[in-house]
Structure formats: C-alpha cells, structure tokens
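Look for subunit A in each of the two complexes below; its partner is subunit B in the first and subunit C in the second.
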Partner chain A sequence: MRSTITAEEAIAEAEAPPAARRLSVRFPSLTRGRVITGGVLLGLGLIPVGVDAARNTTFWEYIGAYIAVWAMLELSVVVVTGYGGLISLMPFSFVGIGCFATGLAVSVWGWPFWLAVPFAALATVPISVAVGAASVRLKGLYLAIATLTFASALGETLFKWEAFTGGQAGHTIDRPKLGPVDFSGGFAFYALTMAVALVLVWMVHGLKSSRAGRAMLAVRDNEREAQALGINSTKTKLTALVIGGALAGVGGAFYLALLGSPAPAGFQSPYVDVSSVLLVVWAVIGGIEAASGAFLGAFALIVQQQVFQGAEKLFVFIGVYAALVLVVFLIFRPGGFVQVVKIQSERIRVNPARGIPETAGLVLFNVIVIWLIIHFGTVATKT
Partner chain B sequence: MTTTHPETIARDPHAAGAALSIEGVTVRFGGITALDGVTMQIQPGEIVGLLGPNGAGKTTLFNAVSGFIKPDAGTVRLDGAEIQSMFPYERVTAGLGRTFQHVKLFRGLTVYENLLAAQHRHLSASPFAAMLRLPSWRRDEDEARELVERMLDTVNLRPWSQRYPWELSYGTLRFLELASVLSLRPSVLLLDEPATGIQQKEVEQLGPMLRRIRDDTGCAIFLIEHDMGLLMGTSERIYALDFGRVIAEGSPKEVSADPQVLESYLGRTRRAEAAGA
Partner chain C sequence: MILAASRVPIVEVTTFGLAKGAVYALLALGLVLIYRTTGVTNFAHWGIGLMGVVFYFLLTSKAGVATPLAAGLAVVTCGFVGALCYRFVFRYVKRTNQLVLILIALGVAQLFTALSAMGFGFASTTILDPWLPISTVSVGSASLRSTQLIAIGAAIGIAMLFLPWFRYSRTGRALRAVAQNREAASLAGIDEHRYSTVAWAIGAALAGLALLLILPHASGERGGVITTADITPFGIYLIPAFGAALVGGLVNLPLAVVGGFVFGIAENALILAPEPWSSLRSTIAAILIVVLLLLHTERFFVARAEQEALET
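Take a look at the complex of A and B:
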C-alpha cells in the first residue's frame, strides 16, 4: 500500500477536469478504509511484540509468527471459497503439499528456502487442476464432500509416500537466511512471516478489484448470468483454485519453517479434515470475502487457542466456544470481523458520542470474556 | 432421430445477410418436443417480437440460441458464422447478448461493480498483474471504470451506483441487467420479457428506449414479451410460436389478425374484437 502520492500525481489530479478527477479517485493513496484496515492489521500484528516487551518473554513472538502463517493459509480459503464460491474442505491438504515440497527441496535436494517457496506454490497446481475438473460438474455440498474424499485420498497416498514426506517424522529444515540476515531468531522470523503475510493480504485484496477477481465473484453469485456476460466459468473456477492452492503452498513452506518438522500424520485423515474445517470456520469468522478477513480470522483463531491452552480446566470446551462464536457471527455479522470493523468505524464516524463508547464496550466485553475463561479455567496452584 | 422439415429448412431469401439465422432448430426434453424445426431470420438492426402462450418454447429458443441448451438438430448462425458448437461465453464474444426472464444479477456486488463485471470481454489484465498492481492492471481498471461511467449515464443508474441489487426495485434491476448486456456491445440482443414485474410507467419508457438502443448501437433486438402494447408498438416484425412451431410471421398487424394466433394466444376477447372490427 502506498502511503504518499508523488508530486506528478498531485499535479495531474489538480489539473484534471472534474469528470476525470472522479475517475482518478479510485486510486487514492490513502483512504479511510485503507487507514483503518492497515491500522487494525498492523496493530494486531504488533500486539505479540508489545506483550513480550512488557513481560520480557519471547513466547509471543512465536505466537505472532503462528498468526502470520495461519493468515497465509486463511488467504487460500478467502480466494477459493470467499471469492470463487467453491466450498473446498481440503485447504489444509494444499498446505501439506507446500510443506513437504519445501522440505524435499531444501533438506533433500539442498535448494535454498527462497527457491523452495515458489516451488511449493507450483507443486499444488496439479491437485488444484484435479479439484477444478471436479468443480465443473459438482456444486455446493457435493463439491464439499468430493474435496473431503480428495483430502483423505491424498492422506493415504501422497502423504504416506516417504520419498515425498521424508518418513514418519517429516523433513527437518532450519529457518531461512537471506545473505547476512538470519531469520532463525524469534523476532526476525516473526517479522519475516508478518511481512510476507501482509504482502499476500495486499495481493489478494488487489485481485478482488480486477477482471479475474470480479469474474470469480460473478460466477460465485450467479454462474448462468456470468456466462451470459461472456465470463468463462470453468476457467474462472480453475483460476481461483490455482491461486488459492498456490497461497496454501506458500503458507505451507512457512508452516514448515515455523514448526521445523511437522509430521505427515497431520495431513492424513482425520487430522487434515479437522485442520481444514478449522481454516474454513475461522475464515468465516474473520470475514471470508475480504483479504484482511484472513488475517483477522487467523488472529482470532490463534488467540482463542492460546487462551484455552492457558485455561486448562475449560480446554474441553474450546470446540463449543468456537461453535458459539461462529453461530453468533453467522446470525448477526455474516461478514465476520471485517464487517464488525466496518460497521463500528462507520458508527464512530457518524456519531462519535455513541460510536466510541459502543466500540469500547465491545472490546471490553471480549476482554472480560477472555479474562473469565482464563480466571475460571486456570488450575489453581497451591501456595 | 432427427425429423427433417424440408419446407422449413428451405433457405429464406433474407438468410444471407441475416444478423441471426435460426435454421431448423429442434429441442427435445425426453419425450417432449419443445422446439420443432424452428426457422427464423433476424436482419441487422431489426426489432423482432416473439409471441406465444406459456410453454410455447420461447425461452427454450433463447436458451438454444445463447448456448444454454444444446439443440438436437438445426443450425444457429450469427452474422453468417455458425455458433451452435460454442459455449455461452464464446457466443458473447461472437456478438450475442441476452437477458433472463428472472433477473438475479450478482447480489454480492454493487450496481457499479455489477457493471464492472460486465466489462469482462473488453479487459485483458491477468490476475497476477492485479495482485502485483502492474501498469497493465491499472490501464485495465481505468478503461473499465470509464466504460461503466458512460453506461451509468446512458441507462440512468447513477443514483443507485453504490447500492446492492437486493436494495433495488425490480424495474431498476431490469435496467441494470439491460445496461450489463449493452456493455457487451452485442450485434444481436435477446430480451426475455423485459417488461415483466416493472411498473406501467416504466413499461411505457421501455419501448422508446429499445428503439433508441437500436438506433444508437445498430444492434438487432429479438424480444419475448407478454405486454401486448410494448410488443406490438415496438416490434417491426413478429414471429408467433406455439407447441414449438412457428405458426405465423409478419407485421404486428398481420400477426395479431392471424386466426391461429388468435386461437392459441390472444384468446376470445381479441377474437371478438377482431370479428367486430
């Protein structure tokens, strides 16, 4: 996102006749929406650093990197399901392909990590094309079921193929280096993944206002009408799947770098299905139709997991809590966190006297819920 | 399996220069023959009406011409070129535009974005150009928005440009759909009951509007309509369809006096009127 306009642009804009200026309004460097989105994402991204600085730990840097990597994975759901309208319940299988393709390239073939990332993205393409072939004939629920069986078939074949997965323990790689910069440290890796995640959010956001992105939204909303307007729906679905798969592949590469050596069992049924459903659920909670929703969804997911991990006594209720959150969102804010941010910032703008306390109350309510969960969930240690 | 109708397939003298030429098109759904060797010609810039009772096969004919149904027999030509093996989206590139009986459009997109989506065939930037904000994407977007701005004024949709389809009246939706299809710059435009569900006042505006579209763009218009005032007042020629066959063809006056048309479609009142006249 550019934050300033150049002198030439400013002059051109000032000199342009009113009609043309109205056209040029579409590429403003700074709009309210962008400031809010950028501010919220950056602010959330920086929370872990703040917590660490305050408590003198490095644990939250790891969590921050976790959020960033899951944001990359969520982006694949945004493109495939949010933009393309294809209900795929196998996004985590694509993560696995990216993960082991990277592992193979780095630890067996000795490639540098940076070359393995595009390789991971490319490695997902054949499977995307196969799902695309299915999506031409299957819609909605039927496609969802087909992708579930696809995922378990991959789990029994590709993710049991030891030459690809590196055996039961998977491949082990070190965190990447770039020239003199070493990303193995907690903060450096956190900064790297966060930067990559935000760039990918920016890229997916740009896709939405383009020929290909609008074709995806059109096919999602009304395939017949889209065809009548000259849109090739098969090619459009395939594009969404290939881009979504590639994003999951890139996410998989960083997933491997984050965890060091994830085991292939995590990409076999039933674990892979759980992770895939988790991705879809939290994409919806974040806001499945917006790139920034992927980031917000990943943030909420990881925070939720950490809160319940701390609250041991209540940990068994983590699924109940997630279901409750999902249902509340689907009923009241189907656009997810993105819609919440939009509505609240609009209310603050229209009537600050009401909007600000209301938003503050909303934030406070969530903080109290988190506090209650931690308070009643933590096993008391006897002093 | 195909029934041939030598008399209907016999070439019309007008066929050579026709904008849309339908030759012996037959469509069967199981045992039912929805279209039975239909042959029609539409000249460039002509406004032609299609008349017939419910179930006569009017929409089936549109679906067969626009590629949503594969005919069992027959040929469809657009500006002389055969198009029946093309996908619907390819027929759009060939110059065919169509609207649907039930307007839905893209409910997740605003009116402005709906019109942007309709500019698809005029744009070329790849998804990667968009993701990296390359100059080719920027040129593409500039062009798309310029086209939409022009279309908003042409069809008077500017007040609603930031609204979503579900916030609009059915009449406005009809105009939005028309604007979307006009964005394709078709040489032949198929309109499936454009006046259904819109107010009488808007229906009255529709006739002159269709003529203006024809005059401005030179496209031929093929019109299915149950509003007799609009159909008779706008069409220069009318085909009447019943049980999948063409039962009459001619000027609005001729067709509305045709005994078969009176029997199958216009009904007794009109017949009495015609008899009284």
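Take a look at the complex of A and C:
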C-alpha cells in the first residue's frame, strides 16, 4: 500500500500486462492493511456516536454526519488536485451546483432524493468541461487564478439566478426516505452519510490504481513524459475534473440534506472563497494524495470548527494553530496526516524502542499546544 | 440619447472608478514585485494587507494614537509582516513546485484571515476612523470626494517614484538581478535572500497602504466599515488586482499600474451603460481576466527560458 507513486512507477504500472488494465475502474482488493485503514476510519467516524450516547444528546450525531458530508467534498479536491495535479480554487462552487440542482429537482420538480443525487453529479459536468477547456491552455498559477475567477463569476450569475437557487433562502428539502427506512433521524442520517462517504473513499482509493488514475498521476508528475508514453493529457485532466466535480455534486446533495436549506449567499464571492480555501487547505492537512486523507482532513476540520464554535469562538485560535500546522506540514510533510501516520508506524516497526517514545512525544506536544491555545484563548476571549 | 437629457454623473463615476483602480494598481504592484523576485503567486496578499488594517484599528481604537500616525505605523508593520512571511515560510519552499507554493500561500492567507478576525474582536462589523481629510471638491458641476482624489494621487505618485527607483537605484537593480537570474545574481555578490525579503516587505507595505486608502473611507464621512466579506482570504479586491497584474503578464510593473486603473474604470463605466449592459458590471472583471489568461500575456514580456524557470 503506497500513498505516493512516482512517475517511473506509474509508467511501469501503465506498462503492466494487458490483463491488468482491461477494466477502466478497478476496486481495491481487501488486503489486511486496507481492512485496518477502513476500520480506523470507521472508528474515527463512530467517536461522535459514542460521545453522544455517553452525553445523551444529538449534537454529536449531527457532527458525525457533518464530517461524513465534508469528507465527500474533500474527496473532490483529492481527485482534482491530489491525483490530477490541477489546482482548482473553486471546489465549493461545484458543491453549490450539486446542492441547488438537488434542491431544484426535489422541491420544485418533485423528484425522489435518490434520483436527484446522480442528477446533481451530472449537473456539475458542464462546468467541469469548461474548467477542463481552460486547463488545457493554463497551467499552475494561471489555472488557480482562472478558477478563482470562475468561482466569482458563477457566484454573480448562476447563484444569483433565483429559478435555480430558489431565492434568498434557497431550496428547502426533507431528509430522504428509502422505502420503510426514514433517514430523517439523527442517527439514521449519520449512518447513511457515513456509509456513502466510506464507499466513496473506497472508490477514490480504487481510482488511484485504475488505468485512469495511473494516467492522472503520470500527467501530474511529468506531462511531457506522459504524453510521450501515449497518454492523452487533455482527456486525463478532463477525467480528473469531471470525477472531482461529480464527487462534489454528490457531496452537495448530501450537504443540502444535512443543512435543510443553505442560502445561496454562501456560494457567492467572497464567501465562496472562504469555503473553497478551507476545502483545499484541509485536504492538504489530511493528505491530498490519499483518499483516506480526505476523511482525516474533514474529521480534523469539523471537530475544530463545530466543537469549539460553542466555546467562545475558540475555533479561531484553533484556526490559527491549524494554519501554522499547514505551513509546517507543507514544508516538511507534504503528504499530510497520512504521511505522518505512515512514517511513524514505519519507525515503530523498525525500532520500537525509539519509535514509540518519539510518536508519543509528537502526540503529547500537539495535545499540549492545543491545550495551551484553549487555556489562553479562554482567558483572552473573556476580557 | 435619453441619457444626455438627465445629467449623467460621468466625472463622479470615473473618479470612483479611478479610486478603485488606484487600490487595484497598488495591490498589483506588490503582486508583480513579489512574483518577479521570488516566484510566489501571493494569494496571501489581501491577508497581509488586512494585518495592517487590524494594526491601524487597534492603534486608533484601543491605544488612541492619532489616525495619520497610526496609518503610517500600520503600513510599516505591514512591510514587516511581509518580510517575516518570506523569512519564516517562503524562504524554505523550493521554487520548483508551483502547486506547493500556491497551497502554502493559501495556508498563509488562512492564517492572516484567522488572525485578523481575532484582531477585530470577532465582530461582524467594525467601524474604522478615517485618517485622510474628508471634504467635497467641486470640479465644474461635479462634486468629488477628497479621499478618492487622494487615493488616485497616491497611487500615481507611488508609481512615479517607485518605477524609476526600481530601474535605476542600487537596490532596484539588485532586485531586478535576483528576478532575472538568481544564481548569476548570487555569483555577482547579491544576497538573494536579503533582496527577496526587501521585495516582500515593499510589496506587503503597498498592500497595507492600498487597503488603508480604501477601507477606512469606504462610506464617506462615517469612516469605513469592515464586514465579514472583508475578512475573507481574498476579500473583494484581490481578484481584480490579479487581473491588473495579468495585464503586464504578472511581471511588468508599469503595465500592472495601468491595468489597475483599467479594471477600476471598466467596472464603473458600465454603470452608465443602458440596461442589459449595466448588469455585466459584476462579471466584467472575470471576463477580462479570462481573456487576459487565454492571451497568455506573460509571453510578451518574458523570454521563453525564463518563463519555464518560473513555471516548472
């Protein structure tokens, strides 16, 4: 199980015997490591419910569902930026398209929610293709500026078009039902979103080793080399953008179901930039090259945002800490949490006598820093 | 012409456009300077400028410092913040990977956004005292705001002083040498990191000045109001400022200034246009930027080899 594949390896894999690449999308087989990863993610997702049962509230079920939905949104960043190497500063605009397409289909046209989810994924395709057309000619920072501009232009046009957004308050929908099962309850909705998120994590992980995914990694690492090997770079970039957009669209559908009725103002400039930057930044902290990193990033973000929001705006202090962590991560551990976990477990395996205290020290250091922030943050906000 | 019958406020609208353009020009000047010297597309430019505004707010409201002095100190602080950014963050990032550079710039933007929310005390609206003299100037039949005229004058004045300085002074020549070829500059005895820090400091100070020219005077006599829309990673001014910088291909300083004024006027001139066209006002900047990007303006200013060195 590798998180990073170099160009040489990707090319070597692309050269693999034809039998291995007959299927365009391949699901990962269930090895022991993957079962453990899945178990850890599920365990992290179950923490809110455990705390919930202990405290006898429904707040944590909401947070659990929020983490799951945000993980779906982070997955779109993983595919576009992590796999495809295209820096898009408009992921939240795709979420908005999915969100209002679902709202339109369910509350205006009267479609069932389950039909609206694939519709939301399809609705993002035209914009993905437009960005793809731009990405053929624009690289790196120019694409970043272009997507930033697209996001603000969409906010001024599409998200101000009342027939699409349902006016100032947005569309209101009920949480979905499936036959006799009603997902409107806190736990049921939490279980639904968590299941969908984990399936999507699994699929995005599988995408990485599929033919399309390997082509994305090759184009990301060296576009000319990939082209020389006969990979169509335009098609590959477009695939990454369309898959990323569709993931954001599906996430947007569940985002709408979670919040009931998000207002279109959140998808207009400059507020859309706040969410888009958060998505990109936390995907990096989680580990932008791995599907499980999206889940870890979403977990860390929502916990710091929602849990500390009640505690006297402490989340801003945590936000400052998180931003510092991000900068340190990008310089020293560009693979995010996923890389840290991998490095530390490798160190423990090689030399337990040194690795275990080192890992414990790392965890303790961060706990102390967060505790200090909370401690002094409380003092500072009281005055 | 129906419009000609009722008095069209052409002079007022143009002045307002130029005042906005002055802000874009100053922001673009900093963006270009930083990009040319260190290869960083500074998505944290707005955040750095906000730090100056926060400092100004704290000095005037908490410490009771006179407003013009506070503004001066805030601009200097901003420059200091920019220098710190380079010294502690961007100095350690390899320039070869533009993706990582952009992600780090976003992280820094996030940091400054969080810090400025903290500085403004988490309030949804904050009122800033003005520091420029506020009066109305009559030119012909038009009455213009003094703060707008001062902003325009300041941007033009700074551009007139800065551009010759960048071209002929010793520091300016060293900055250009670092921008053109870092290795060769180092071999000629120019401390690359020192001059990169200088470029960041100047760019950041210009960002602080740009924000201080407009934010405390946005609503006339009552000073300025900072809302949650301003405490965002890019605010509402950074995207047109990027457009202005793109007029000069992100590397040409004089054209960045011109571009700033072009974007300012383009946004405001559409107020005067008849109905279907005036609704383009909110998207004209986006349209212009996409056109500039697709023209690949940088190829007019940068040799192919240098461009590849910046891009890879």
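The rule is simple: the second predicted complex is superposed on the first by the 329 of 383 C-alpha atoms of A that agree within 3 Å, B and C clash if a C-alpha of one lies under 4 Å from a C-alpha of the other, contacts with A are read in each partner's own complex, and residues count from 1 in each chain.
The rule we apply is simple: a residue touches a chain if its C-beta (ideal position, glycine included) is under 8 Å from a C-beta of that chain, and two chains touch if they have at least 3 such contacts.
Treat the numbers as computed from the prediction; the structure is a model and nothing was measured.
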item: Contacts of A:R347 with subunit B and subunit C, given as first, second, both or neither; value: neither
item: Touching partner for A:A228 - first (subunit B), second (subunit C), both, neither; value: first
item: Partner, of subunit C and subunit B, that touches more residues belonging to subunit A; value: C
item: First (subunit B), second (subunit C), both or neither touched by A:Y271; value: second
item: Complex interface listing, subunit C residues touching subunit A; value: 41, 43, 89, 92-93, 98-100, 102-104, 106-111, 113-115, 117-118, 122, 228-229, 232-236, 239, 242-243, 246, 250, 282-283, 285-287, 289-290, 293-294, 296, 311
item: Footprint of subunit A on subunit B - complex, ascending; value: 66, 68, 87-89, 92-93, 97-100, 104-109, 113, 116-118, 120-121, 123-127, 129-133, 137-138, 140-142, 144-146, 149, 180-181, 183-184
item: Complex contact set, residues of subunit A against subunit B; value: 19, 22-23, 26-27, 203-204, 206-207, 209-215, 217-218, 220-222, 224-233, 239, 243, 289
item: Contacting residues of subunit A [partner subunit C, same complex]; value: 81, 85, 87, 89, 134, 137-142, 144-146, 148-150, 152-153, 156-157, 269-271, 273-274, 277-278, 280-281, 284, 313, 316-317, 319-320, 322-324, 326-327, 330-331, 334
